[in-house]
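Same chain, two partners: chain A is paired with chain B first, then with chain C.
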Partner chain A sequence: MNAFIDFITGPMVWISFLIFFAGVFIRVFRLAQEANSKEKFMFSYFSWKYSLRSIFAWLVPFLPASTRQSPVFWGISYLFHLLLFMVPIFLLSHIVLLEESLGWSWISLNDSIADVLTVLVILALVFFAVRRLNVPEVKFLTRSSDYLFILIVALPFLTGFLAYHQFFFYRTMVIIHILTGELMLILIPFTRFFHMFLAPISRAYTGSEFGNVRQARDW
Partner chain B sequence: MKTKLLLIIMGFILLLGAIGAYSQDEEIVVMDTSAFENTQRPASVFDHDIHNEMAGLEDDCAICHHVYDGKTLVEGESSEDSYCADCHSLSKTAENDVPLRAAYHKRCKSCHFETNKGPVLCGECHKN
Partner chain C sequence: MQDSTIENKDSVKTDVIDEAVERGLERLTPERIAGVINQVLAKETGARFKTYIDTCMRCGLCADACSFFLSNDRDPKFSPAAKVKQTLTEMLEKRGNVSKDFLKNMVRIAHTECNVCKRCSMYCPFGIDIAYMMLTVRRICHKLEITPLYIQDTVNSHSATMNQMWVKEDEWIDTLQWQEEDAREEFEDLRIPLDKDGADIMYSVIAPEPKFQAGLIYQTAVIMHAAGVNWTMPSNPGWDNSNMAMFTGDFEISGRLAKAHYEAAADLHVNRIVMGECGHAFRSVYDVGNRWAGWRMPPIELVHAIDFFHELLTTGRIKVKEKYKKSVTLHDPCNVSRGRGLHDKAREVVNLLCDNFIEMTPNKEHNFCCGAGGGVINCGPPYKTTRMINNRVKKEQLEQTGAEVLIAPCHNCHSGLEDITHHYGVDMEIKFFGDIIYEVMEKTIYQGGV
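Right, the complex of A and B next:
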């Protein structure tokens, strides 16, 4: 079993990152190619200034007017996305492993704080699932795969939480934790998770058009 | 209905948390952690003599208690009269690239991986 754990905490991590980066590169490249063949004119008004302005405006909680109309949803969504990145990147256990393998390390969250933040991430995901089940206009747009994606995001956090507390099936929990974490990374370029990259790209597109063509703000 | 189910599941998880937090284990021999500031994890399980007997390491103290001359390992000498923390600081230094935490983890885990025996996951050494 140690040999299997060695594999999933060693080579498999590299493989997952490789697929992630290659996938992202290919998809962004294809997108640019497609834009070039179908909507070449948009490059004529593309602007870094308006792109970055739009991306930045949408990163500031509640700056965009539409986000103020549903403050609960957007508040939870902002917090969720922040924690989704912050908790894994600044988690002590992850840094401990990185320190051993590459000699890299940076500041880490206190374990008990990370514990609470993990619960917040899980609660946010429960909220998203409940919202899809209950709010008619969201329900209408929901496919069953949406719940699957919520589950895929939830699993590494849930199993990480359970493993940290060493409640039961410790080894199994950690193994599922590692595998689902890697699965999520691999899936990003090929699924809805790609909105991680599409969102800023479409903000740049909209921002440029509003700034340069319509001379208006897009938030 | 489905909302209720999700809430029940969440409640169940929190309950398990509470049970886990209050159940205590029997006495186990653990490492001295005084060299670390603000420890984050329970001290690692390590019963020195029993461990080394089980793992057949009684004749090779220097596997763990090594001696260095600058950055080169001195073969055939051992340092069981020193603590790891005498030479390994909490963060990298000019004399020693290996911080204390990494020194322990590398030493302990690499052998458990190589021999395919012994604990390799956080909670198997840092037992609650």
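Right, the complex of A and C next:
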């Protein structure tokens, strides 16, 4: 058992990051390659200025009309995406682990704050699931895999929360926590989670076309 | 699977039968269907298409952007992403092995339930271009030869005559001469100069002008003459800037049209092209056809009428005798607002011409399409009733302004909005900027200085 835990907290972490980075690199590279071979014209319309203009506009909460039209969803979504990165990166126990193995460290979140934020992430995911079940236009588009994604994101947060409070099966919770965290990392390049990288690319192109050619805003 | 029976609020059932689609479907074999679909999806699309398919999180945020969705009481089938789901996603998953019923629905969705207006690109967090996706579906329809009858006829006309309405060369020239003659009652030396080499401006129109609305050419001639503009029109094909082929996925013809247009201008050695009040035609030569012909941007400066009128009014070439009194509102045509950012200039023109301007909301880049755009109106009478149902939001928007006159600087919008005002009984007169300028301008000839 200890050897297993050593493996998933040691080499497996490296393997997951490796797969993640390699996967991201290969996918982005392939995308650029395909664009270059079939739709080269896209590069000639691409503009840094308008790409960044569009991306920043969409990063400002409630600037785009779309976000003002669905303020509840967007409020939750902005917060969720922020916390999704913030909580794991600034969690004290993660930083401690990193410091032990690599000697790196940075500022951390107060544990009780992190605890509240974790609950918020889980609640946001519950909201997404309920929305998929209840809003007709979203329900119509939803597939079972969408719930699976929600579950995959929820698991590391849920198990992390349970492990922190040591409610029950502490050891099992920690193991599931580590495994699902790694699973999520590995899945990013190969699933719809990849929108994390595609979103800015696609926004940039739309922003470029709107700004450069159509001379209009796209938010 | 839904059928093509649509019930409107007066519970009139309209079962749409489109002969060309029916006959086209009869000719198809499963092999041909799969072959064409897979060819287009594998060979004619690339990184952009894949990115859109892979990035869509099925969040449904694009729904609120779409006038079809809003007009149909938020029916989930009409959301932009749902249109992709019901067409492309299924074709991808079944590797092109889809039924004829599926194809029939697909033609209806892609050709008559999307104005390719790109409004949804502004509401989707990723900027997914559903219009491009629907045009890809139309490309498949085109290659399967199941394009709706009326719009296909228009494309045939483009192909045979290089204009949209089977206007023959002598008809075109006759019409111009006839308008010139009539306009000479106002200005005795007025000319509509044909093929004038080295003129400053080539003026281009869409074929419905010589065909049914020759009065618009008359008005333009008067405006040009009064403004002292050195202009010309080509007698050869290329005078028509319209382009339905770009909406049926017939990219080859679409490109040929744009090329002919620019070649006509190049042959006449003009400095720029000014085009009449049309939106889709602007998109064709500014954004679509030129790309196919290999020009990143228009090879010759291209100016839309809104821009041109703005110039004439602000440089004093056209003087306003007395501003227009009736209350007016402005419909922003998608292809020149979201398509070219001319909405602010359009407002300046309105304010230079009219006393009483009432805004329509949402507006500018966020306008709703007239419902006719993207070739939807060109699919013809079989789809008219559904087109009316599908754009109830526009009617509501129009009514809210309470204006007496609606300015729509686009031909397509004009026809679409006329249909809407008639169908829903909205009491509103629809006008072009040209109509209003003609009415309020001083009919004197501009004498140099600028």
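Going forward, the second predicted complex is superposed on the first by the 219 of 219 C-alpha atoms of A that agree within 3 Å, B and C clash if a C-alpha of one lies under 4 Å from a C-alpha of the other, contacts with A are read in each partner's own complex, and residues count from 1 in each chain.
Simple rule for what comes next: a residue touches a chain if its C-beta (ideal position, glycine included) is under 8 Å from a C-beta of that chain, and two chains touch if they have at least 3 such contacts.
These figures come from a predicted structure and were not determined experimentally.
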**Report entry** chain A as common anchor, with chain B and chain C clashing or fitting
**Finding:** fit
Query raised in the report: Is A:43 touching the first partner chain B, the second partner chain C, both, or neither of them?
Result: neither
Query raised in the report: What angle, rounded to a multiple of 10°, is defined by the Cα centres of chain B, chain A and chain C, with the middle one as vertex?
Result: 170
Report task. Considering only the touch criterion stated at the top, classify A:34 as touching first (chain B), second (chain C), both, or neither. Result -> second
**Report entry** Contact breadth on chain A, by residue count: chain C or chain B
**Finding:** C
Report task. May I ask you to decide whether A:123 touches chain B, chain C, both, or neither, giving the answer as first, second, both or neither? Result -> first
Report task. Could you tell me if A:169 is touching chain B, chain C, both of them or neither one (first, second, both, neither)? Result -> neither
Query raised in the report: First (chain B), second (chain C), both or neither: which does A:21 touch?
Result: neither
**Report entry** Touching partner for A:202 - first (chain B), second (chain C), both, neither
**Finding:** second
Query raised in the report: So, does A:7 touch the first partner chain B, the second partner chain C, both, or neither?
Result: neither
**Report entry** Closest approach of chain C to chain B (Cα atoms, Å)
**Finding:** 18
Report summary line: In the complex, the residues of chain A that touch chain B are 1-3, 5-6, 92-93, 96, 99-100, 103, 105, 110-111, 122-123, 126, 129-130, 133-134, 158, 161-168, 170-171, 174
Report summary line: chain B contacts chain A in the complex at 2-3, 6, 10, 13, 16-17, 19-21, 40-41, 97, 99, 101-102, 105-106, 109, 112-113, 116-118, 120-124, 127-128
Query - Residues of chain C touching chain A in the complex - result: 46-48, 50-52, 54-55, 57-61, 63-65, 69, 74, 76-77, 79, 81-82, 85, 121-129, 286-287, 291, 296-297, 337-341, 343, 362, 365-366
Query raised in the report: Which residues of chain A touch chain C in their complex?
Result: 31-32, 34-35, 37-39, 41-42, 44-45, 54, 58, 64-66, 69-70, 73, 135-143, 146, 192, 194-195, 198-199, 201-203, 205-207, 210, 213-219
